[in-house]
Each structure stands twice: as structure tokens, then as C-alpha cells.
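Sharing a structure here in C-alpha cells format.
Lettered A, B, C, D and E in written order, each chain numbered from 1.
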Amino acid sequence: MTGTAIISALALWAAGWFINARLANGAAAKTRLVKLLVPAIFGLTLLIMWELLVRLLEVSPIILPPPTMIAERFANELPTLWADFVQTIIKGAMTGYVIGMLAAFGVAVLADRSDFLTRGILPVGGFMAALPIVGIAPIFVRWLGSDWQSKAAVVAVMVFFPILVNTVAGLRDTTAMQRDLMRTYGAGYWPTLFKLRLPAAMPFIFNGLKIATTLALIGAIVAEFFGSPTVGMGFRISTSVGRLALDMVWAEIVVAALAGSTLYGLMAWIEGRVTFWHPSQRK
Amino acid sequence: DAHANDVTLQLQWVTQAQFAGYYVALDQGFYEEEGLNVTILPGGPDIAPPQVLAGGGADVMLNWMPSALAARERGLPVVNIAQPFKTSGLMLTCWKDTGIETVEDFRGKTIGVWFFGNEYPFLSWMSQAGIPTDGGDEGVTVLRQGFNVDPLLNREADCISTMTYNEYGQVLDAGVSEDELVTFMYEDQGVATLEDGIYALEENLEDPVFVDKMVRFVRASMKGWKWAEENPVEAAGIVLDNDETGAQSEAAQIRMMGEIAKLTAGSNGALDPADFQRTVDTLLAGGSDPVISAQPEGAWTSAITDAALN
Amino acid sequence: MKDKSTVLDNVVFARELDLTFQTNDGPVHALKNVNLDIAKGDFVSFIGPSGCGKTTFLRCIAGLEQPTGGEISVNGMTPDEARMARAYGYVFQAAGLYPWRTIGGNIKLPLEIMGFAKAEQAERVARVLELVDLAGFEKKFPWQLSGGMQQRASIARALAFDADILLMDEPFGALDEIVRDHLNEQLLQLWARTEKTIGFVTHSIPEAVYLSTKIVVMSPRPGRITDVIESPLPKERPLDIRDSAEFIAIAHRVRDGLRAGHDDV
Amino acid sequence: MKSVLPVLTVIGAILLFWIVSVVPMNMHLTADLAQRQDIVVTPDTPVARQEYSGIGLALRNPQLFGMTYTLDRPRLPSPHQVVVEMWNTIALQNITSRRSLVFHGWVTLSATLLGFVIGTGLGVLLAVGIVYNRAMDMSVMPWAIASQTIPILALAPMIIVMMGAIGIQGLFPKAVISAYLSFFPVVVGMVKGLRSPDGMQLDLLRTYSASPAQGFWKLRLPASVPYLFASLKIGISASLVGAIVAELPTGARAGFGARMLVGDQYGQPLVTWAALFAAALTAAALVGFFSLVERWTLRRMGMQAV
Amino acid sequence: MKDKSTVLDNVVFARELDLTFQTNDGPVHALKNVNLDIAKGDFVSFIGPSGCGKTTFLRCIAGLEQPTGGEISVNGMTPDEARMARAYGYVFQAAGLYPWRTIGGNIKLPLEIMGFAKAEQAERVARVLELVDLAGFEKKFPWQLSGGMQQRASIARALAFDADILLMDEPFGALDEIVRDHLNEQLLQLWARTEKTIGFVTHSIPEAVYLSTKIVVMSPRPGRITDVIESPLPKERPLDIRDSAEFIAIAHRVRDGLRAGHDDV
């Protein structure tokens, strides 16, 4: 039984891989369709393998439910999933993201006015960004209560440092020649900031913003594990594990992955619009 | 050999005096005397013991009966094989100055509740009392309480869930005096459900070797419990020795042991069918969102304790 | 004449100018005892081996570098004042266009900073684009243009606000000879038409000789002026003047001056 | 070197802000406590005090300022309390004792390091695959990104239960979670690094008709070293986050995460704070270590001016 | 003679060579109907405005680019076969030394790849370093050398495995004129000593005239050969041959050829 299961899973994998290799090395490899098709086939292969293995190996659904069961749950629980999404992503993660981002920009611009501050903030910020900030979640829940405000605060702190460090580094990323050009025009601080340094900083800033999207989700959900109202993705995940409703847990994970990928994609898309001029974005 | 003598026990919380009986049995060699090789796995806020049991990561688990019966309805046939805890230590603790005196006063208040399978007794109680749990002036606003007492101290909640042996003590430790508080014991409200029973998988109980192993396990565990009741300070010390976090305080564990002893005192390990029925009735009365929908069959067995205690 | 010249007669007036950089490896004497007068309408080329201080001197004129000794004035002011008064346009070796702005946007940049009216901005952009032969490329981004076109755009940018002085640091260094010839011709025409004063750094002997009214030969370690050659060539200079005996003679003198200062490769 | 003063200044500012914040943050708790000790507090009932913000209450009760710094269970401990707690748990304990943060640090660190090794190995392999195989290039990246957006905290208990089901416990499941978080930055950085050689450098090898393997060992790999180190520094801190996250929801018995959890659960904020700071120091030490190795390596490779 | 020449007589033999790149903006005709023979020992310069296909043609010879039409052979083989046979050394415009290898390590790179014995590697490195005047710099890293020295190291790298053909794509483009003169002299000496066949791309007319036995003038859009000039200059060429009338005449012819093909900048 185990043998057949593994062999059929491997066969499936080989088949998916074969199709993808043909597509990727084929004549149409550069078309938009194939570019979407290849990762889709890859993902689909993984899902079918999952389904197959779970069913053939008779894994208990309270350990790992098959994808079809998750899909069914997802479809049946849309209103709950939506409410959780609003609580966790919209209220918690997005608010925190925006606050953290604005604060980071503000501090970056302030710090940037003084070389002294910049030299102080970059290492400290870099250090803070490397910290396991997930650990502050219980503290913030204690301070700000169980509702979304504490989640937003955790998220704000988590996204603050990567965005700050990237923005400060970005604001410094102008060539001596570009700065000298501004000096030959006798340009003051603000024109230099708006016309040279902010545009030049954009690739860095977006790098920080992209990193921050995934952190925002982690932060909001982690914080819910330490106290929440009776709604929210972290709440639902934790409660559903307790109720052995693993299909619901996975449905929430799917929501998180969809939301995260969408946010990330959105950022990447905006980045493409804003930094169209950067060599990495040019086609 | 391993199959006949190895036992892995999944606790439902981190190491504390709530589980003193098992640590004592291990430490005092009671398990060894029975020829058993016991491993105790501490739990945590997001480890579901029934899941561990289902996955084969443990042979037996401790669980609250509502959670175990719910798992049974979900298709995981767990069976209560012993019930060392006679009475429930669960209660709601409220600030007196919020004006709460009776259950009716809960309306319009915010109450902290543990979830993760521990919400069932509360939901049944509110449903029996006719109080909605979805907020508003007429109902209570439910807060998912982390496993600590901060919401009360911060006054984010008017009442929170506490165990007599743990969280209640923490509230007092924070400097609050008992006369600032009002407490509602589930036991007094007639909605008590059985806590900390020992459960195994039904299919395993068809295996005589396993049954024999469980008999010895329960016998040794109960010996541990009775020893702990008699020697609370030593028992607390043993628990501390087994606490790998090193963060537990001796005073708190001694106090906890004292409170725990009150809960285990009435039990020799055998489940009283009346207690079981009271638990089931409470859960079935759960109104619109019942924890279980039908009288469970075969959810407990006296076979193990009968053999262990004669 | 040199001795009697004064600050006010000259667009640029440098006396015993000295500049030492403090670096990790100790001080670098980039300019030593530099004396130079540039009159209005002069086209002055600076030539010399790498590291002889050409760029540094140009930057001193522009107020981008602070001399550590001697005096220098631009239009009778300190270079810093002249910079704030927007007395000059500066062209760097690389075009250095901002990639996030179109060609038009790049040329508009100094105009925006200096607060020109919108309408005037557009008009000036159109005019200088015409001047450097780039009409029609206003909406393109820098990377969509060839190197030569980018360099012309950067010249247009320096011309847009009509400063009297144009300082150019190896503006054609990265271009091929043909394009370079062409731009040299255009630059001469522009200079003739506008009567600007031009300071021009180059590595190329023919370029220096072809363009200048005055060739300043410099030498490194410490950076100093070793020769100043006033060109006898007429203002009108067709490209094939470069095959004339006069031209070759000047080129020879420049090359000798260079080789003298160029002890090592 | 010249950054020392600015860094100290910034740290000083943060400390100052922290110290000032202690008063309003702890004011309500302090007032409740003071009242029980018969000190006069305005206003004089807890319910009435709820109407005031921490700052408002502090302004009304300056006599309580001192007390806010010495609470047993503060909402915000004062810096010296954290320092004392850390001193007690780091310096004054035998490092094999469970009360020692060094012991817990080692528990978390061992999972971190194992996870980091697994994650980095996996990341490098994936990156090589992506750079050398078109099909992998097109199919893996979107899923690698998606994998990082799913809440690891939800997966952590499942991973631990599933691995427990096949008899693997303790270090390894935590390491798996660490690896899960650390492989991604390594993939991203290494793909960039392996692709960093320019056309000319690649063409040079073609003029020698070098084999793909030679191209990898002599060009792509050395060229990617600076990127590798950048990734390693992100990866190791992601790894530490992973180990802590793995310890949080599962109540893992020891480690920084377990200390944070237990501190939260038993109302011992100092335990939580000390664990948090110890984790911070560990992260700094790890990143600092890789910075040193990076500098040493790049200097030996001649890729960084001395 | 041209018509009778055969594949085997020539080191490089191109007939009606065509190469079209497919780009997003449509096809670019980089080479059209290119015919060229290079005999053993020739020093052939390619000159022409930017984009005329000099690099592309050199890359076709090197087998780095696949022509879309016509035929080309190198040493009687296809360019790909010649590449596999390691028939040539290639020098790029920028030195392109690997920064993580010392100068010695960089020169050793092709030797390692081609599987020379360790002892021979060391011996060859020493020899070519001598040849390009860099003895003693073996242990230095590229960034510790000046641009000119780096470029010489990259030439040494191409010489190390002693291919008969040397292909150089604007090797001195980034250097200043004096350094360039010096390297030109050295290159001529090297060529005279080793009798290699050299293909050399340049933008500089004097450089092309000074170095070559044959100057190929190219023109863009589509890239094609407009003139092939056999130089009458002797093999022995002191630097001041550049002031001779003969030299100037050839330079004129080249410039005219260039200007003809150079309709737009």
C-alpha cells in the first residue's frame, strides 16, 4: 500500500515535470500563457500528489485533510473566512502596515537630514530588523488589549525596521555625480530630496515594502494567538485545531497565502510602475 | 518488550502541579514497579492532545471531557479509561466593583474565555442561562483569553476564566485581594464538566496487551496521585524538577498542589457514571450550537480501572 | 599682461591655488600653485595625464571643492557665491541623466529648481533640444537613447538656464571618434553663437587643439600647470584644419608637454 | 569606528524614551497597588481611574513615580529590572541549570543552527536548480513566495504533531520550521548571485569552451559569494525567528520561546523580557559572526578593499 | 586574388555573411553580405561607427554568435569547432578580470580549464606576465592595479594558452591617450615577435592606421563592410610614424570612409 502510494505519487510528479520541461524549453516558452501555465501545473501536481498520498495512505483528516476536503470547507465557510480576513488582514495587518510604513518614512526622512543620525540609526535599525520581533506579541497584547489594535501595533513594529533601513539606505544611494549636479544648480535640501533622492531610493523602498508584506501577515496572526476577540484568522486557526477541524485550519492558511501572495504581487506591480526606469525592471 | 511496556503520555499543558500524580509516579518509581517505561510529553497552548493521539505520537492523553467527546463526534474514537479528577476547578473570576453578583449581571459585560476546546463548558452554561454570547447589551461579549490573567488586571475584561489552582492564584499574586473579586465556580452553577481524564484510542483497547499496559499505567498513576495528595510539598518539588523551562516558582507550585489535591481527593481513578451523565447533559443542553449532538456511546470504560483497582 | 590682470577683468581668476586631499594613505596634493586667468568668451581646454588635477580644478571653479590655499574668484565672486547665483552650467563625463525622467524632464530639472514658469520651461526645453539636435526625443527615457544622444541631452541640460559659463569635464570621453568630431563641431558653433566662456577637460590632444583658444597642460604629483598655450588658430575651424601644419605643430607641443609630465603608464 | 557615538546616541535616546514610558505604562497597576497599601491616590476607585490615560493619571499622582519602577509584575519593566533579571539568569546560574538563560539559549540556538544548515543547503540547491533549469526557474519561484506568506505559526503545531507521529521529537521539528523560514532569503540571494556574472564574464568562458561544471565552480559560485553572505545574514535571523516561533505555540519545554510563553502564562513579565533581550543578543551575535566571516572571506578572495 | 582565395588559404574566410537579431522592436540587421579574408599573420583592424557590427563580426569569428546566413570558417573549421579547439584568445573591451582571483590566478584560469599541468601553468603565467611587462604583479588583485595594467593583464590572459589567433574588441577603449600609445607600441612588438593573426576592433582612426596591415571600414544599418584598406606602412613603426604623410593619407581615407557611412550621429 505504502509502496504503491509512493510510486504513483512519484509517477505523477514525473509526469508534471515532463510537461513543464517540454513547455519551458519549447518554442512558446516566452508567451504569457506558458509563463502562467508552468507554475500552475507545478502547483497542481503538488496538490494532486497530496490528495493521492493522503487517500492512499489513509492519513486521518484530523492530522492532514486532503485538498478536496479543504476546498469544500473553504466554499462552505466563506462568510466566516471573510469576517476573519477583515479582522486580521484589513484591520490588523493593513493598519499596522500603513502605520509602520509611514512611521518608517518619517523617521527615515528625519534621520536623513543628519549624517550623525543616519549613522546611528542604520546599525541600530539593522540590528532591530534582525530581531525575533515575534516575541513582542504577548507584550503588545498585554498593553493594547485583545482587539485588532494590538495586532496592528505588532505589525507596525515588525515592518518598521526593514522599511526604515531600506529607505535610509535608499536615500543615500545617489551617485556623487548626481548630488554634485544638484549642487551646481544651488538646489536646497527639499528639491534635492524630492527630485533626486526619493526617486533614487524607490527600488530600495520597494524592497523593504515587499519584505514587509510577508512580515505583516506573520505578525498579525502570531499576535492573535495571545488573545483576540472571537473572530480573526489566528483565532480561528487556534480554535479549529482545538476542535480538530483541520480542514478549517487549512482553509484559513489558504486565505493567508492568497492574501499574502496578492499583497506581494500588488507591491511588485506598483514597484514595476514606479521604478520602471531601474535596470532590473527594464525589459 | 517495547509494545507491552512503553507508554507515552500527552499532557494538555506545560509542566505544572496539575499533573503532579504522573510526575510523582515517574519519579518515585511507581511506573517502574509496574514494569512500565513512561514518557511524559508536556503540552502547550496550540498542541491538541487528541491530534497527537490520532497521529500515534502518544498512547494516552489527558483531556477535558467536553473536548474529548467533541473529538469523538469528529470521528476520533477516544475512550475515557480513568478519571483521577473528581471535581472541576474551573471558575469565572470577576471584579466586584463592576457590580456583578449573579449570572444575570453578566449581560452587557466582557468575559474572557479560553478556547481550544475549553470554551464548551462556558457556552453550555450561557446557553442554559439564556444569555447570548455575541455581544450587545443583552448578551456577553466574549474575549478569547490568552492563557493568562492580564485581561482582568488591565480591566479589559470584567470577568475571566480561571482555574482554582492556577490563574486564580495569579490574580492574588498580582496584589489583588479576595474581597475585590467575585467568583463563579462551574461546580456551584451546576454546569461542571469532568476535567483531566485519561483517554486512549478505542481500537487500541481491543488489544489485550495494550489493555494490560493501561491497567498497570492507571494503577501506578493513581498511586502517584495519592502520594502527591499526602506529600504536597515534595510533589511540588518533583514537578519543579521536571520543569524544563526553569521559570516556575516553588511557592506557586506548592499552592497549586494544595488546590489540585482538593480536586483529586474524591476519586480513586474510577469514573463515576453519574458525573459522566451530568457532563453529557450539560453539553447536550448547549442550545443552538451544541458541543455534542447525541448521547455518546462507548465513550468510557470501567474495564481498566476495575482491573487496576481491585 | 598676466601680472596686471585683476579679479574683475576675468571670468575666472586663480592665484597660487592649492588643494590637498586628506586620505587614508596620507595627503594627496591635487593642485599646487595654480595660476590662471580665463577671460570672457575664452574656450579653455585642460589636458593632462590621469590624476593631474583637471577635474579638481574644474570643481574648484564650480565651487564643488574647497581649495586649501590661494585664491580663486568667478565673475568677481567666490566660487560658492557664483554657484548659488547659478553662474554656470556643468557637464560631467558621463551623461548622468536621471533615469526616472524623460529627456525633456531631465532638461527641465534645473528650470524647476530655479523656479522658471511652466510655459517658459517648455519653451526652453524645446529650444535647447533643437540646439543639440534632439528635437523629437523629448518623451524618450535616457536608456532608450544612444550614448552620444545622452551626452548631448546632458549638454542641453546645462544650457537650458543660459548660464554664461559652461564647465565640461570630459563630456565626450565615452563616445566614438566620429560622433565626437561631430559634437566638437557643434560645440564650436554653439560657442561662436552664444559667446559663452567654456572650461573643457579632455584627454584627447586633437580635441583640445581643435576646440580651444587656450590649452592648459597639466602634470601630476603634485597637480600643477606646466604649460599654457594660446592657440593661433582662427575662430572659424572646419574639421580638416586638423591636417594643417599649424594644427600639427600645436598638437606636437601639447604632446611634448604631456609626455614630460607622464613618467609612468 | 566613527559610528560608535551616533549608535550610542540612538541607543541612549531609545533608553530614555523607555525609561520615561515606564511611568504612564505602569501607572494604573501602581495606583491599584498603592491604594491597597493605603497610599492616597486620585481618583480613588479603580473604576474611576479607568477613565484616565496613563499620562493623565501620572500627572495626578507624582508621588507614585518611584513605585512604577519597582513593580513585581510591571506592564513595562524598567531597564534596570530587565538587566537585573538577565544578570540573575545568565551570570548567576550554572549554565547547565534550567534557570539559566544560557541553557535555554543553547536549546534555541541548536535548533536554529540545524535549521539554518538545512535551510541554507536547500536554498542553495534550489537556487542552482533555478539557474540551470528553465522548468524549475519558471515553476518554483511563485510557490516559494507563496510558501512564505502562509502563517508559519499555524503550521508549527502541525509539523510538530506530524513529526511526532513518526517518532521524531525535540530538536528536529523545530529545525524544520527554522529551515522553512530561512531557505527563502537564501534562494532569492543565491539566484541573484549565481546570475550576477555579466555577459562578458560568461562569454570569456565560452571562448575557452569551458564545461558547465567549470562555469559553475570557476565563475558563478565565486561571483555569488557576496550575495551568499547577504542571504546568510538574513537567513540566520529568520532561522532564529523560526526556532522561537516553533517554541511558542507548542509550549516546547525549553528555549527562548518557551521562556517567553511561560513568562506570559504565569504573569512573570521579567522572564519574557529577559528572554526577548537574550534572543536579541543572540541574533546580533549570529549576524555579527557572519559579518566577520564575510569580511574575512571577501578579503581573502580579494573582493573587498582592505 | 580575392576570388581565388579558398577556405584553406585563410585563417578567417567569410562569404556573404549575414546576421539578423530578433528583438522586441523587430529584427536588427547587424551584418549584411560580409566578405572578408584574413591571412595568417595579418593584423586586421575593424573600424566604424557605433552599432555597425564590429563586435558582432568578431563574435561570429569567435563562434560566440551564430550567423543567420552565408558562410564563415576559421582555420578551415566552423567557428564553433575552432572555439572548441581553443583556436583563439579573446580580449574584451573592459579587462573583465575576475575580482576574486589575483592577476596570476586570472591568467591561470584558461590554463586550468584547458587542463594544463600545474607546473606548466606557473611557467606560462610567468612568461606572459613578462611579455606584458607585469612581472612582479602576479599576487596582486585586479583592483590594486591601474586600468592600463588591468588591460595588459587581460591581454596576458588571452596569450597564456598560445592560440594562433588573437581577437581584441576595443581593448584600449577605456584608457587615456598616453597609456594607449604605450600599449599600442607594445602590442605591435608582441605581434612582430609571435606572428599571431590579430583581429582588432577600435574606434580610433590613428590607432587603426598605426597598428594594422589591413583596415576594415564598416558602416551601420545594415552593418556592412564599406572599405578594406591594405596598409603600405612598414612592419617597423615608431610612434612618430603618425606624423608622416603616408600615415596621414591613410587616416584620411579611413575618415572619409567612415564619414560616408556615418549619416547620423
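A few comments on the model shown:
In this section, contacts are C-beta pairs under 8 Å (C-beta built on N, C-alpha and C of every residue); 3 or more make two chains touch, one makes a residue touch a chain.
Chain labels with UniProt names: A, D = NitT/TauT family transport system permease protein; C, E = NitT/TauT family transport system ATP-binding protein.
None of the values given here were measured: they were computed from a predicted structure.
Least step count on the touch graph, chain B to chain D: 1.
With steps allowed only between chains in touch, the distance from chain C over to chain D comes to 2.
Shared contact partners of chain A and chain D, listed by label, are B. If you tally contacting C-beta pairs for each pair of chains, A-D comes out on top. Think of chain C turning onto chain E: fitted on CA atoms, that turn is 175 degrees, to the nearest 5.
Distance between chain centres (mean CA atoms), chain A to chain C: 50 Å.
One inter-chain figure worth recording: chain A and chain B are separated by 38 Å, centre to centre, where each centre is the mean of the chain's CA atoms. Per-chain CA centroids place chain A at a distance of 50 Å from chain E.
For this pair, chain B with chain E, the centres built from the Cα atoms lie 85 Å apart.
Under the contact definition stated at the top, the residues of chain D that touch 2 or more other chains are 75, 157, 161-162, 165, 249, 261, 263-264.
Shown for chain A are the residues that touch two or more other chains, namely 63, 138, 142, 225-226, 238, 241, 246. Every pair of chains meeting the touch criterion is listed here: A-B, A-C, A-D, B-D, C-E, D-E. Taken together, the chain E residues at the contact with chain D in this complex read 59, 62-64, 83-84, 86, 88-90, 92, 94, 96, 98-102, 109-110, 112-114, 141-143.
Of all residues in chain D, those touching chain E in their complex are 200-201, 203-210, 214, 218-219, 222-223, 225, 301-303, 305.
Put simply, chain B touches chain D in their complex at residues 13-15, 41-48, 51-52, 55-58, 95, 97-98, 146-150, 153-155, 170, 173-177, 243-249, 252.
Within the complex, the chain D residues that touch chain B are 28-29, 32-33, 36, 45-47, 50, 73, 75, 97-100, 103-104, 156-157, 160-162, 164-165, 167, 169, 249-254, 258-259, 261-268, 271. Taken together, the chain D residues at the contact with chain A in this complex read 2-3, 5-11, 14, 25, 75-76, 134-135, 137-143, 145-146, 148-155, 157-158, 161-162, 165, 233-234, 237, 240-241, 244-245, 248-249, 256-257, 260-261, 263-264, 269, 272-273, 275-276, 279-280, 283-284, 287.
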